[in-house]
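Next up, some structures in C-alpha coordinates.
In the two complexes that follow, chain A is the common piece, with chain B as its partner first and chain C second.
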Partner chain A sequence: MVKSVTNLGRTGAYDWLMQRVSAVVLALYTLFLTGFVLGSSDLDYAQWAGLFDQMWMRIFSLLALISLGIHSWVGLWTVTTDYIKPTALRFVIQAGCGLIMFIYLVWGVEILWGL
Partner chain B sequence: MLVSLYRYNPETDNVPYMQDVEVELPEGKDLMVLDVLHMIKEDDVSVAFRRSCREGVCGSDGMNINGMNRLACVTPVSEVVKNNKLVLRPLPGLPVVRDLVVDMSIFYQQYERIQPYLINDNPEPAIERLQSPEDREKLDGLYECILCACCSTACPSFWWNPDKFVGPAGLLQAYRFLADSRDTATAERLDNLDDPFSVFRCRGIMNCVSVCPKGLNPTRAIGHIRTMLMQRTT
Partner chain C sequence: MTTKRPVNLEISTIHFPIPAIASILHRISGIVAFVGIAFLLYGLDQSLAGEAGFAAVAELMTHPLSKLVVWGTLSALAYHLVAGIRHLVMDMGVGETLEGGRLSTKITFVVSAVLIVLLGVWIW
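Right, the complex of A and B next:
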(Lines of atoms letter the chains of each structure in order from A and count residues from 1; the text may use other names and numbers.)
(Lines give C-alpha, C1' and ligand atoms only; values in the text may rest on other atoms or scores of the structure.)
Protein backbone atom coordinates (compact mmCIF):
# COMPACT_ATOMS: atom_id res chain seq x y z
CA MET A 1 0.00 0.00 0.00
CA VAL A 2 1.51 3.31 -1.12
CA LYS A 3 0.55 6.25 1.11
CA SER A 4 -0.44 9.53 -0.53
CA VAL A 5 -2.19 12.61 0.80
CA THR A 6 -2.22 14.86 -2.25
CA ASN A 7 -4.48 12.86 -4.54
CA LEU A 8 -8.21 13.62 -4.77
CA GLY A 9 -9.67 10.83 -2.62
CA ARG A 10 -7.93 8.44 -0.31
CA THR A 11 -8.01 5.46 -2.65
CA GLY A 12 -6.97 4.85 -6.22
CA ALA A 13 -10.41 3.48 -7.03
CA TYR A 14 -12.05 6.74 -5.94
CA ASP A 15 -9.76 8.88 -8.11
CA TRP A 16 -10.20 6.54 -11.07
CA LEU A 17 -13.99 6.61 -10.77
CA MET A 18 -14.18 10.38 -10.29
CA GLN A 19 -11.99 10.98 -13.31
CA ARG A 20 -14.37 8.91 -15.45
CA VAL A 21 -17.60 10.31 -14.01
CA SER A 22 -16.34 13.87 -14.50
CA ALA A 23 -15.30 12.97 -18.06
CA VAL A 24 -18.86 11.84 -18.82
CA VAL A 25 -20.31 15.07 -17.40
CA LEU A 26 -17.85 17.18 -19.44
CA ALA A 27 -18.64 15.19 -22.59
CA LEU A 28 -22.39 15.66 -22.11
CA TYR A 29 -21.94 19.38 -21.43
CA THR A 30 -19.74 19.83 -24.51
CA LEU A 31 -22.17 17.89 -26.70
CA PHE A 32 -25.12 19.88 -25.38
CA LEU A 33 -23.48 23.26 -25.88
CA THR A 34 -22.22 22.34 -29.35
CA GLY A 35 -25.69 21.10 -30.25
CA PHE A 36 -27.26 24.29 -28.91
CA VAL A 37 -24.90 26.53 -30.87
CA LEU A 38 -25.27 24.54 -34.10
CA GLY A 39 -29.02 24.02 -33.60
CA SER A 40 -30.01 27.65 -33.10
CA SER A 41 -29.95 29.71 -36.27
CA ASP A 42 -28.77 33.34 -35.89
CA LEU A 43 -27.89 32.92 -32.24
CA ASP A 44 -28.02 36.22 -30.41
CA TYR A 45 -27.29 37.47 -26.92
CA ALA A 46 -30.93 37.18 -25.81
CA GLN A 47 -31.04 33.47 -26.67
CA TRP A 48 -27.69 32.86 -25.01
CA ALA A 49 -28.68 34.79 -21.86
CA GLY A 50 -32.05 33.05 -21.90
CA LEU A 51 -30.37 29.67 -21.85
CA PHE A 52 -28.19 30.56 -18.87
CA ASP A 53 -31.09 32.25 -17.11
CA GLN A 54 -32.70 28.89 -16.43
CA MET A 55 -31.88 27.17 -13.14
CA TRP A 56 -31.29 23.73 -14.69
CA MET A 57 -28.67 25.23 -17.04
CA ARG A 58 -26.91 26.92 -14.15
CA ILE A 59 -26.87 23.65 -12.21
CA PHE A 60 -25.64 21.81 -15.31
CA SER A 61 -22.92 24.45 -15.85
CA LEU A 62 -21.85 24.36 -12.20
CA LEU A 63 -21.71 20.55 -12.38
CA ALA A 64 -19.51 20.83 -15.48
CA LEU A 65 -17.31 23.38 -13.74
CA ILE A 66 -16.83 21.18 -10.67
CA SER A 67 -16.22 18.19 -12.96
CA LEU A 68 -13.55 20.20 -14.76
CA GLY A 69 -11.83 20.86 -11.43
CA ILE A 70 -11.99 17.19 -10.41
CA HIS A 71 -10.90 15.94 -13.82
CA SER A 72 -7.98 18.31 -14.14
CA TRP A 73 -6.87 17.71 -10.55
CA VAL A 74 -6.68 13.92 -11.05
CA GLY A 75 -4.96 14.39 -14.42
CA LEU A 76 -2.46 17.01 -13.34
CA TRP A 77 -1.77 15.19 -10.09
CA THR A 78 -0.88 12.11 -12.15
CA VAL A 79 1.34 14.10 -14.51
CA THR A 80 3.15 15.93 -11.69
CA THR A 81 3.78 12.74 -9.70
CA ASP A 82 5.13 11.11 -12.86
CA TYR A 83 7.48 13.82 -14.01
CA ILE A 84 8.34 16.15 -11.11
CA LYS A 85 10.50 14.27 -8.66
CA PRO A 86 11.64 16.99 -6.18
CA THR A 87 8.91 16.95 -3.51
CA ALA A 88 8.96 20.68 -2.70
CA LEU A 89 8.68 21.73 -6.36
CA ARG A 90 5.94 19.17 -7.00
CA PHE A 91 3.97 20.37 -3.98
CA VAL A 92 4.24 24.02 -5.04
CA ILE A 93 3.06 23.20 -8.59
CA GLN A 94 0.20 21.06 -7.27
CA ALA A 95 -0.81 23.82 -4.84
CA GLY A 96 -0.70 26.31 -7.73
CA CYS A 97 -2.97 24.05 -9.82
CA GLY A 98 -5.39 23.76 -6.88
CA LEU A 99 -5.45 27.52 -6.39
CA ILE A 100 -6.14 28.18 -10.08
CA MET A 101 -8.96 25.63 -10.08
CA PHE A 102 -10.49 27.22 -6.98
CA ILE A 103 -10.31 30.69 -8.56
CA TYR A 104 -11.92 29.41 -11.76
CA LEU A 105 -14.69 27.76 -9.76
CA VAL A 106 -15.54 30.88 -7.74
CA TRP A 107 -15.24 33.03 -10.86
CA GLY A 108 -17.50 30.61 -12.76
CA VAL A 109 -20.16 30.79 -10.04
CA GLU A 110 -19.93 34.58 -10.13
CA ILE A 111 -20.45 34.56 -13.92
CA LEU A 112 -23.29 32.02 -13.87
CA TRP A 113 -25.32 33.75 -11.16
CA GLY A 114 -24.35 37.25 -12.22
CA LEU A 115 -25.77 37.09 -15.72
CA MET B 1 25.83 -8.40 -39.92
CA LEU B 2 26.70 -5.43 -37.74
CA VAL B 3 25.88 -5.78 -34.05
CA SER B 4 25.80 -2.59 -32.01
CA LEU B 5 26.31 -3.65 -28.43
CA TYR B 6 25.75 -1.63 -25.25
CA ARG B 7 28.92 -1.81 -23.18
CA TYR B 8 29.46 -0.61 -19.66
CA ASN B 9 31.88 -1.81 -17.05
CA PRO B 10 31.60 0.44 -13.98
CA GLU B 11 35.14 -0.49 -12.94
CA THR B 12 36.76 0.82 -16.13
CA ASP B 13 34.20 3.01 -17.97
CA ASN B 14 32.98 6.41 -16.89
CA VAL B 15 29.99 6.26 -19.19
CA PRO B 16 28.32 3.52 -21.21
CA TYR B 17 29.09 3.32 -24.94
CA MET B 18 27.92 1.39 -28.00
CA GLN B 19 30.44 -1.04 -29.47
CA ASP B 20 30.11 -2.14 -33.09
CA VAL B 21 30.96 -5.75 -33.77
CA GLU B 22 30.91 -7.40 -37.22
CA VAL B 23 29.46 -10.92 -37.02
CA GLU B 24 29.69 -13.50 -39.82
CA LEU B 25 26.36 -15.37 -39.85
CA PRO B 26 26.44 -18.98 -41.11
CA GLU B 27 24.68 -19.54 -44.47
CA GLY B 28 21.25 -21.16 -44.51
CA LYS B 29 20.72 -20.98 -40.76
CA ASP B 30 18.52 -18.60 -38.79
CA LEU B 31 20.26 -18.08 -35.47
CA MET B 32 18.67 -16.76 -32.32
CA VAL B 33 19.95 -13.46 -30.95
CA LEU B 34 21.44 -15.36 -27.99
CA ASP B 35 23.54 -17.45 -30.43
CA VAL B 36 24.91 -14.21 -31.89
CA LEU B 37 25.84 -13.03 -28.40
CA HIS B 38 27.67 -16.30 -27.79
CA MET B 39 29.58 -15.84 -31.07
CA ILE B 40 30.61 -12.36 -29.91
CA LYS B 41 31.61 -13.67 -26.48
CA GLU B 42 33.85 -16.30 -28.08
CA ASP B 43 36.00 -13.44 -29.41
CA ASP B 44 35.59 -11.12 -26.44
CA VAL B 45 35.03 -12.82 -23.11
CA SER B 46 34.43 -9.50 -21.35
CA VAL B 47 30.93 -9.17 -22.87
CA ALA B 48 28.45 -9.78 -20.04
CA PHE B 49 24.88 -11.02 -20.37
CA ARG B 50 22.58 -13.36 -18.44
CA ARG B 51 21.31 -16.62 -19.90
CA SER B 52 20.37 -20.00 -18.57
CA CYS B 53 17.86 -22.34 -20.24
CA ARG B 54 18.24 -20.87 -23.76
CA GLU B 55 14.65 -21.84 -24.62
CA GLY B 56 12.40 -19.09 -23.25
CA VAL B 57 11.60 -20.74 -19.95
CA CYS B 58 13.93 -19.21 -17.38
CA GLY B 59 13.49 -15.55 -18.37
CA SER B 60 17.15 -14.64 -17.81
CA ASP B 61 18.03 -13.09 -21.14
CA GLY B 62 15.44 -10.34 -21.44
CA MET B 63 17.04 -7.42 -23.29
CA ASN B 64 16.21 -4.59 -25.64
CA ILE B 65 16.66 -5.90 -29.19
CA ASN B 66 16.38 -3.29 -31.94
CA GLY B 67 14.25 -1.14 -29.67
CA MET B 68 11.94 -3.82 -28.33
CA ASN B 69 12.21 -5.87 -25.14
CA ARG B 70 12.50 -9.54 -25.99
CA LEU B 71 14.10 -12.79 -24.87
CA ALA B 72 17.33 -13.21 -26.85
CA CYS B 73 17.07 -17.01 -26.81
CA VAL B 74 13.73 -17.22 -28.62
CA THR B 75 14.12 -14.25 -30.94
CA PRO B 76 15.29 -15.27 -34.43
CA VAL B 77 17.75 -12.81 -35.95
CA SER B 78 15.72 -12.74 -39.19
CA GLU B 79 12.71 -11.44 -37.28
CA VAL B 80 14.41 -8.39 -35.80
CA VAL B 81 17.39 -7.46 -37.98
CA LYS B 82 17.00 -4.14 -39.83
CA ASN B 83 19.34 -3.09 -42.63
CA ASN B 84 21.66 -5.92 -41.61
CA LYS B 85 22.03 -4.32 -38.18
CA LEU B 86 21.21 -5.54 -34.69
CA VAL B 87 21.18 -3.14 -31.73
CA LEU B 88 21.38 -4.79 -28.32
CA ARG B 89 20.79 -2.80 -25.16
CA PRO B 90 19.94 -3.77 -21.56
CA LEU B 91 16.32 -3.66 -20.38
CA PRO B 92 15.42 0.05 -20.06
CA GLY B 93 14.73 1.75 -16.75
CA LEU B 94 16.77 -0.50 -14.48
CA PRO B 95 20.31 0.24 -13.21
CA VAL B 96 22.97 -1.46 -15.34
CA VAL B 97 25.33 -3.76 -13.46
CA ARG B 98 27.49 -4.43 -16.51
CA ASP B 99 26.86 -4.51 -20.28
CA LEU B 100 23.47 -6.24 -20.76
CA VAL B 101 23.12 -7.25 -17.11
CA VAL B 102 20.69 -5.11 -15.10
CA ASP B 103 19.97 -4.86 -11.39
CA MET B 104 16.44 -6.26 -11.02
CA SER B 105 16.09 -5.61 -7.25
CA ILE B 106 13.24 -3.13 -7.56
CA PHE B 107 11.39 -5.44 -9.95
CA TYR B 108 11.63 -8.27 -7.42
CA GLN B 109 10.65 -5.96 -4.55
CA GLN B 110 7.42 -5.15 -6.36
CA TYR B 111 6.89 -8.86 -7.00
CA GLU B 112 7.45 -9.63 -3.31
CA ARG B 113 5.00 -6.90 -2.31
CA ILE B 114 2.00 -8.61 -3.93
CA GLN B 115 2.64 -11.77 -1.85
CA PRO B 116 3.08 -14.18 -4.77
CA TYR B 117 2.07 -17.31 -2.91
CA LEU B 118 -1.14 -19.02 -1.92
CA ILE B 119 -2.60 -17.81 1.36
CA ASN B 120 -5.17 -20.09 2.92
CA ASP B 121 -6.00 -20.07 6.61
CA ASN B 122 -8.17 -23.19 6.50
CA PRO B 123 -6.68 -26.43 7.85
CA GLU B 124 -4.73 -28.31 5.20
CA PRO B 125 -6.59 -31.26 3.73
CA ALA B 126 -4.96 -34.70 3.83
CA ILE B 127 -3.87 -34.72 0.19
CA GLU B 128 -4.31 -31.40 -1.63
CA ARG B 129 -6.59 -28.40 -1.99
CA LEU B 130 -8.93 -29.27 -4.82
CA GLN B 131 -10.11 -26.93 -7.52
CA SER B 132 -12.82 -27.38 -10.14
CA PRO B 133 -11.66 -27.43 -13.78
CA GLU B 134 -13.54 -24.13 -14.28
CA ASP B 135 -11.71 -22.46 -11.39
CA ARG B 136 -8.40 -23.85 -12.61
CA GLU B 137 -9.11 -22.40 -16.04
CA LYS B 138 -9.23 -18.91 -14.54
CA LEU B 139 -5.46 -19.13 -13.91
CA ASP B 140 -4.65 -19.70 -17.58
CA GLY B 141 -2.83 -16.75 -19.06
CA LEU B 142 -1.63 -15.75 -15.58
CA TYR B 143 0.54 -18.51 -14.15
CA GLU B 144 2.74 -18.79 -17.26
CA CYS B 145 4.71 -15.61 -16.46
CA ILE B 146 8.46 -16.29 -16.22
CA LEU B 147 9.37 -12.92 -14.62
CA CYS B 148 11.73 -11.91 -17.42
CA ALA B 149 10.81 -8.23 -16.76
CA CYS B 150 10.37 -7.45 -20.46
CA CYS B 151 6.89 -6.02 -19.73
CA SER B 152 7.62 -3.93 -16.63
CA THR B 153 10.74 -2.40 -18.18
CA ALA B 154 8.76 -1.46 -21.31
CA CYS B 155 6.16 0.36 -19.21
CA PRO B 156 6.52 4.18 -18.89
CA SER B 157 4.48 4.15 -15.67
CA PHE B 158 7.03 1.72 -14.20
CA TRP B 159 9.93 3.86 -15.47
CA TRP B 160 8.61 6.95 -13.65
CA ASN B 161 7.45 5.26 -10.44
CA PRO B 162 9.17 1.87 -10.07
CA ASP B 163 9.06 2.20 -6.29
CA LYS B 164 5.30 2.82 -6.13
CA PHE B 165 3.68 1.24 -9.20
CA VAL B 166 3.74 -2.57 -8.98
CA GLY B 167 4.23 -2.89 -12.73
CA PRO B 168 2.58 -5.25 -15.23
CA ALA B 169 4.54 -8.38 -14.19
CA GLY B 170 3.73 -7.96 -10.50
CA LEU B 171 0.09 -7.12 -11.19
CA LEU B 172 -0.36 -10.14 -13.47
CA GLN B 173 0.82 -12.27 -10.54
CA ALA B 174 -1.32 -10.29 -8.08
CA TYR B 175 -4.37 -11.19 -10.18
CA ARG B 176 -3.18 -14.79 -10.50
CA PHE B 177 -3.68 -15.11 -6.70
CA LEU B 178 -6.80 -12.92 -6.56
CA ALA B 179 -8.37 -15.22 -9.14
CA ASP B 180 -7.33 -18.42 -7.36
CA SER B 181 -10.35 -20.12 -5.77
CA ARG B 182 -8.07 -21.67 -3.11
CA ASP B 183 -6.74 -18.32 -1.88
CA THR B 184 -8.55 -16.80 1.14
CA ALA B 185 -6.67 -13.48 1.39
CA THR B 186 -8.55 -11.65 -1.38
CA ALA B 187 -9.67 -8.75 0.84
CA GLU B 188 -6.20 -8.26 2.31
CA ARG B 189 -4.61 -8.41 -1.14
CA LEU B 190 -7.04 -5.79 -2.47
CA ASP B 191 -6.39 -3.57 0.59
CA ASN B 192 -2.72 -3.57 -0.32
CA LEU B 193 -3.45 -2.46 -3.88
CA ASP B 194 -6.12 0.19 -3.37
CA ASP B 195 -3.96 3.31 -3.52
CA PRO B 196 -3.45 5.75 -6.41
CA PHE B 197 -0.13 4.17 -7.47
CA SER B 198 0.06 0.38 -7.08
CA VAL B 199 -2.59 -0.48 -9.70
CA PHE B 200 -4.08 2.80 -10.87
CA ARG B 201 -0.84 4.22 -12.24
CA CYS B 202 -1.44 1.92 -15.21
CA ARG B 203 -2.59 4.22 -18.01
CA GLY B 204 -3.39 1.41 -20.43
CA ILE B 205 -0.39 2.05 -22.69
CA MET B 206 -0.23 -1.71 -23.34
CA ASN B 207 3.51 -1.91 -24.09
CA CYS B 208 3.45 -4.89 -21.72
CA VAL B 209 1.07 -6.79 -23.99
CA SER B 210 3.05 -6.08 -27.15
CA VAL B 211 6.40 -7.21 -25.69
CA CYS B 212 5.45 -10.23 -23.55
CA PRO B 213 7.46 -13.18 -24.96
CA LYS B 214 4.88 -15.60 -23.56
CA GLY B 215 1.95 -13.81 -25.22
CA LEU B 216 0.32 -12.88 -21.91
CA ASN B 217 -1.94 -9.87 -21.32
CA PRO B 218 -1.08 -7.95 -18.12
CA THR B 219 -3.36 -5.03 -19.11
CA ARG B 220 -6.38 -7.35 -19.03
CA ALA B 221 -5.33 -8.68 -15.60
CA ILE B 222 -4.94 -5.09 -14.34
CA GLY B 223 -8.45 -4.37 -15.66
CA HIS B 224 -9.78 -7.32 -13.65
CA ILE B 225 -8.05 -6.07 -10.47
CA ARG B 226 -9.52 -2.61 -11.07
CA THR B 227 -12.98 -4.13 -11.44
CA MET B 228 -12.54 -6.06 -8.18
CA LEU B 229 -11.44 -2.87 -6.40
CA MET B 230 -14.38 -0.93 -7.83
CA GLN B 231 -16.90 -3.63 -6.96
CA ARG B 232 -16.04 -3.60 -3.29
CA THR B 233 -15.85 0.18 -2.91
CA THR B 234 -18.79 1.43 -4.95
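Right, the complex of A and C next:
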Protein backbone atom coordinates (compact mmCIF):
# COMPACT_ATOMS: atom_id res chain seq x y z
CA MET A 1 0.00 0.00 0.00
CA VAL A 2 1.28 3.42 -0.93
CA LYS A 3 1.22 5.77 2.01
CA SER A 4 0.89 9.47 1.41
CA VAL A 5 2.63 11.91 3.71
CA THR A 6 1.11 15.14 2.37
CA ASN A 7 -2.57 14.58 3.13
CA LEU A 8 -3.99 16.20 6.25
CA GLY A 9 -4.81 13.28 8.47
CA ARG A 10 -2.53 10.48 7.17
CA THR A 11 -5.63 8.36 6.58
CA GLY A 12 -8.45 8.82 4.10
CA ALA A 13 -11.11 8.29 6.77
CA TYR A 14 -9.70 11.10 8.92
CA ASP A 15 -9.48 13.44 5.89
CA TRP A 16 -13.04 12.52 4.97
CA LEU A 17 -14.31 13.41 8.44
CA MET A 18 -12.31 16.66 8.70
CA GLN A 19 -13.57 17.73 5.27
CA ARG A 20 -17.17 17.25 6.38
CA VAL A 21 -16.89 18.79 9.85
CA SER A 22 -15.17 21.87 8.38
CA ALA A 23 -17.79 21.95 5.59
CA VAL A 24 -20.63 22.14 8.12
CA VAL A 25 -18.89 24.98 10.01
CA LEU A 26 -18.30 26.90 6.77
CA ALA A 27 -21.89 26.33 5.62
CA LEU A 28 -23.29 27.61 8.94
CA TYR A 29 -20.98 30.65 8.86
CA THR A 30 -21.92 31.46 5.25
CA LEU A 31 -25.65 31.12 5.95
CA PHE A 32 -25.35 33.21 9.11
CA LEU A 33 -23.49 36.05 7.37
CA THR A 34 -25.91 35.95 4.43
CA GLY A 35 -28.84 36.13 6.83
CA PHE A 36 -27.25 39.02 8.74
CA VAL A 37 -26.52 41.07 5.62
CA LEU A 38 -29.95 40.42 4.10
CA GLY A 39 -31.72 40.87 7.45
CA SER A 40 -30.30 44.31 8.13
CA SER A 41 -31.69 46.65 5.50
CA ASP A 42 -29.36 49.56 4.83
CA LEU A 43 -26.39 47.99 6.59
CA ASP A 44 -24.13 50.66 8.06
CA TYR A 45 -20.68 50.67 9.65
CA ALA A 46 -21.99 50.69 13.23
CA GLN A 47 -24.03 47.50 12.70
CA TRP A 48 -21.22 45.80 10.79
CA ALA A 49 -18.45 46.69 13.26
CA GLY A 50 -20.84 45.96 16.14
CA LEU A 51 -21.28 42.39 14.89
CA PHE A 52 -17.55 41.70 14.62
CA ASP A 53 -16.97 43.40 17.98
CA GLN A 54 -18.85 40.60 19.74
CA MET A 55 -16.67 37.88 21.27
CA TRP A 56 -18.92 35.07 20.01
CA MET A 57 -18.69 36.43 16.47
CA ARG A 58 -14.89 36.51 16.70
CA ILE A 59 -14.86 32.93 17.95
CA PHE A 60 -17.29 31.89 15.18
CA SER A 61 -15.14 33.71 12.59
CA LEU A 62 -11.89 32.15 13.83
CA LEU A 63 -13.56 28.73 13.75
CA ALA A 64 -14.59 29.43 10.15
CA LEU A 65 -11.05 30.56 9.25
CA ILE A 66 -9.50 27.40 10.70
CA SER A 67 -12.18 25.31 8.96
CA LEU A 68 -11.32 27.12 5.72
CA GLY A 69 -7.70 26.03 6.11
CA ILE A 70 -8.64 22.42 6.83
CA HIS A 71 -11.29 22.25 4.11
CA SER A 72 -9.16 23.83 1.40
CA TRP A 73 -6.16 21.66 2.30
CA VAL A 74 -8.17 18.44 1.92
CA GLY A 75 -9.84 19.71 -1.27
CA LEU A 76 -6.80 21.17 -2.98
CA TRP A 77 -4.67 18.19 -1.91
CA THR A 78 -7.20 15.88 -3.59
CA VAL A 79 -7.32 17.93 -6.78
CA THR A 80 -3.54 18.44 -7.07
CA THR A 81 -2.89 14.76 -6.29
CA ASP A 82 -5.32 13.74 -9.03
CA TYR A 83 -4.05 15.98 -11.80
CA ILE A 84 -0.43 16.93 -11.11
CA LYS A 85 1.70 13.83 -11.41
CA PRO A 86 5.32 15.12 -11.26
CA THR A 87 6.15 14.98 -7.55
CA ALA A 88 8.36 18.09 -7.38
CA LEU A 89 5.80 20.28 -9.17
CA ARG A 90 2.93 18.94 -7.09
CA PHE A 91 4.90 19.51 -3.89
CA VAL A 92 5.67 23.11 -4.83
CA ILE A 93 2.03 23.84 -5.72
CA GLN A 94 0.75 22.18 -2.54
CA ALA A 95 3.26 24.16 -0.50
CA GLY A 96 2.07 27.34 -2.24
CA CYS A 97 -1.56 26.48 -1.39
CA GLY A 98 -0.53 25.83 2.22
CA LEU A 99 1.19 29.21 2.37
CA ILE A 100 -1.93 30.98 1.06
CA MET A 101 -4.06 29.19 3.68
CA PHE A 102 -1.66 30.29 6.40
CA ILE A 103 -1.76 33.88 5.12
CA TYR A 104 -5.60 33.79 5.10
CA LEU A 105 -5.58 32.58 8.70
CA VAL A 106 -3.12 35.18 10.00
CA TRP A 107 -4.79 37.93 7.95
CA GLY A 108 -8.16 36.93 9.37
CA VAL A 109 -6.86 37.00 12.94
CA GLU A 110 -5.35 40.43 12.23
CA ILE A 111 -8.72 41.67 10.90
CA LEU A 112 -10.64 40.32 13.89
CA TRP A 113 -8.32 41.32 16.70
CA GLY A 114 -6.43 44.19 15.12
CA LEU A 115 -9.38 46.55 15.36
CA MET B 1 -8.29 -9.19 -22.18
CA THR B 2 -11.13 -10.15 -24.50
CA THR B 3 -11.39 -8.20 -27.73
CA LYS B 4 -15.07 -9.00 -28.27
CA ARG B 5 -16.31 -6.02 -26.28
CA PRO B 6 -18.33 -3.46 -28.22
CA VAL B 7 -16.35 -0.32 -29.02
CA ASN B 8 -17.98 3.07 -29.37
CA LEU B 9 -16.04 5.21 -31.80
CA GLU B 10 -18.85 7.75 -32.25
CA ILE B 11 -17.09 10.63 -30.49
CA SER B 12 -20.13 12.93 -30.61
CA THR B 13 -22.18 10.44 -28.57
CA ILE B 14 -19.59 10.21 -25.81
CA HIS B 15 -20.14 12.64 -22.97
CA PHE B 16 -19.74 12.94 -19.22
CA PRO B 17 -22.64 11.57 -17.19
CA ILE B 18 -24.40 14.45 -15.40
CA PRO B 19 -23.06 13.56 -11.90
CA ALA B 20 -19.52 13.73 -13.34
CA ILE B 21 -20.23 17.28 -14.51
CA ALA B 22 -21.47 18.13 -11.01
CA SER B 23 -18.26 16.67 -9.60
CA ILE B 24 -15.87 18.59 -11.83
CA LEU B 25 -17.84 21.81 -11.22
CA HIS B 26 -17.54 21.16 -7.48
CA ARG B 27 -13.75 21.03 -7.87
CA ILE B 28 -13.57 24.10 -10.11
CA SER B 29 -15.91 26.12 -7.87
CA GLY B 30 -13.80 25.14 -4.86
CA ILE B 31 -10.63 26.48 -6.49
CA VAL B 32 -12.39 29.67 -7.65
CA ALA B 33 -13.81 30.22 -4.14
CA PHE B 34 -10.37 29.64 -2.59
CA VAL B 35 -8.87 32.37 -4.79
CA GLY B 36 -11.90 34.64 -4.35
CA ILE B 37 -11.68 34.48 -0.54
CA ALA B 38 -8.69 36.85 -0.86
CA PHE B 39 -11.02 39.56 -2.26
CA LEU B 40 -13.63 38.91 0.43
CA LEU B 41 -10.99 39.11 3.18
CA TYR B 42 -9.71 42.36 1.65
CA GLY B 43 -13.26 43.74 1.70
CA LEU B 44 -13.79 42.59 5.29
CA ASP B 45 -10.46 44.13 6.35
CA GLN B 46 -11.28 47.50 4.76
CA SER B 47 -14.92 47.56 5.86
CA LEU B 48 -13.96 46.98 9.50
CA ALA B 49 -11.10 49.51 9.42
CA GLY B 50 -13.44 52.40 10.23
CA GLU B 51 -16.25 54.56 8.83
CA ALA B 52 -14.02 55.70 5.98
CA GLY B 53 -12.98 52.14 5.12
CA PHE B 54 -16.61 50.98 5.14
CA ALA B 55 -17.55 53.84 2.81
CA ALA B 56 -14.55 53.03 0.59
CA VAL B 57 -15.73 49.43 0.19
CA ALA B 58 -19.27 50.63 -0.59
CA GLU B 59 -17.76 52.98 -3.16
CA LEU B 60 -15.53 50.21 -4.60
CA MET B 61 -18.60 47.98 -4.94
CA THR B 62 -20.16 50.45 -7.38
CA HIS B 63 -17.42 49.56 -9.87
CA PRO B 64 -18.49 46.93 -12.46
CA LEU B 65 -15.22 44.98 -12.14
CA SER B 66 -15.56 44.58 -8.35
CA LYS B 67 -19.18 43.57 -8.81
CA LEU B 68 -18.05 40.91 -11.30
CA VAL B 69 -15.30 39.59 -8.99
CA VAL B 70 -17.64 39.43 -5.97
CA TRP B 71 -20.43 37.88 -8.03
CA GLY B 72 -18.02 35.27 -9.43
CA THR B 73 -16.69 34.41 -5.98
CA LEU B 74 -20.11 34.23 -4.36
CA SER B 75 -21.47 32.19 -7.29
CA ALA B 76 -18.65 29.67 -6.90
CA LEU B 77 -19.33 29.56 -3.14
CA ALA B 78 -23.07 29.11 -3.73
CA TYR B 79 -22.58 26.21 -6.15
CA HIS B 80 -19.93 24.64 -3.90
CA LEU B 81 -22.28 24.93 -0.91
CA VAL B 82 -25.29 23.41 -2.69
CA ALA B 83 -23.21 20.58 -4.21
CA GLY B 84 -21.62 20.04 -0.78
CA ILE B 85 -25.04 19.70 0.87
CA ARG B 86 -25.85 17.10 -1.81
CA HIS B 87 -22.75 15.16 -0.71
CA LEU B 88 -23.72 15.35 2.96
CA VAL B 89 -27.23 14.12 2.14
CA MET B 90 -25.74 11.21 0.16
CA ASP B 91 -23.37 10.49 3.07
CA MET B 92 -26.49 9.91 5.16
CA GLY B 93 -27.54 7.24 2.67
CA VAL B 94 -30.17 9.27 0.82
CA GLY B 95 -30.20 9.16 -2.98
CA GLU B 96 -27.26 6.83 -3.46
CA THR B 97 -28.74 5.00 -6.44
CA LEU B 98 -27.84 5.91 -10.03
CA GLU B 99 -31.23 7.54 -10.56
CA GLY B 100 -31.03 9.27 -7.17
CA GLY B 101 -27.61 10.65 -8.05
CA ARG B 102 -28.86 11.99 -11.38
CA LEU B 103 -31.94 13.57 -9.81
CA SER B 104 -29.99 15.26 -7.00
CA THR B 105 -27.53 16.60 -9.57
CA LYS B 106 -30.39 18.24 -11.48
CA ILE B 107 -31.75 19.69 -8.23
CA THR B 108 -28.26 21.00 -7.40
CA PHE B 109 -27.97 22.69 -10.82
CA VAL B 110 -31.42 24.30 -10.61
CA VAL B 111 -31.04 25.52 -7.01
CA SER B 112 -27.55 26.93 -7.57
CA ALA B 113 -28.59 28.56 -10.86
CA VAL B 114 -31.43 30.33 -9.02
CA LEU B 115 -29.05 31.39 -6.23
CA ILE B 116 -26.48 32.68 -8.75
CA VAL B 117 -29.13 34.75 -10.55
CA LEU B 118 -30.40 36.11 -7.21
CA LEU B 119 -26.83 37.01 -6.22
CA GLY B 120 -26.48 38.88 -9.50
CA VAL B 121 -29.71 40.78 -8.85
CA TRP B 122 -28.56 41.60 -5.31
CA ILE B 123 -25.13 42.85 -6.40
CA TRP B 124 -26.38 44.94 -9.35
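Things worth noting here:
FYI, the second predicted complex is superposed on the first by the 114 of 115 C-alpha atoms of A that agree within 3 Å, B and C clash if a C-alpha of one lies under 4 Å from a C-alpha of the other, contacts with A are read in each partner's own complex, and residues count from 1 in each chain.
One rule holds for everything that comes next: a residue touches a chain if its C-beta (ideal position, glycine included) is under 8 Å from a C-beta of that chain, and two chains touch if they have at least 3 such contacts.
Because the structure is predicted, anything quoted here is derived from the model rather than measured.
By the document's definition of touching, of the two partners only chain B reaches A:D15; chain C does not. Using the contact criterion defined above for the overlaid structures, shared-chain residue A:L89 touches neither chain B nor chain C, since it reaches no partner. By the touch criterion defined above, A:N7 lies against chain B but remains apart from chain C after alignment on the C-alpha atoms of chain A.
Touched residues of chain A were counted for both chain B and chain C, and C has more of them. Contacts of A:L99 after superposition: neither chain B nor chain C is touched. Residue overlap on chain A between the chain B contacts of one complex and the chain C contacts of the other is empty. The part of chain C that touches chain A in the complex is made up of residues 27, 30-31, 34, 37-38, 41, 44-45, 47-48, 50-51, 54-55, 77, 81, 84-85, 88, 91. Listed in rising order, the residues of chain A touching chain B in the complex are 1-4, 7, 11-17, 77-78, 81-83. Within the complex, the chain A residues that touch chain C are 20, 23-24, 27, 30, 44-45, 48-49, 52, 68, 72, 75-76, 79, 97, 100, 104, 107-108, 110-111, 115.
Residue ranges on chain B touching chain A, taken from their complex, read 157, 160-161, 164, 191-201, 203, 226, 229-230, 233-234.
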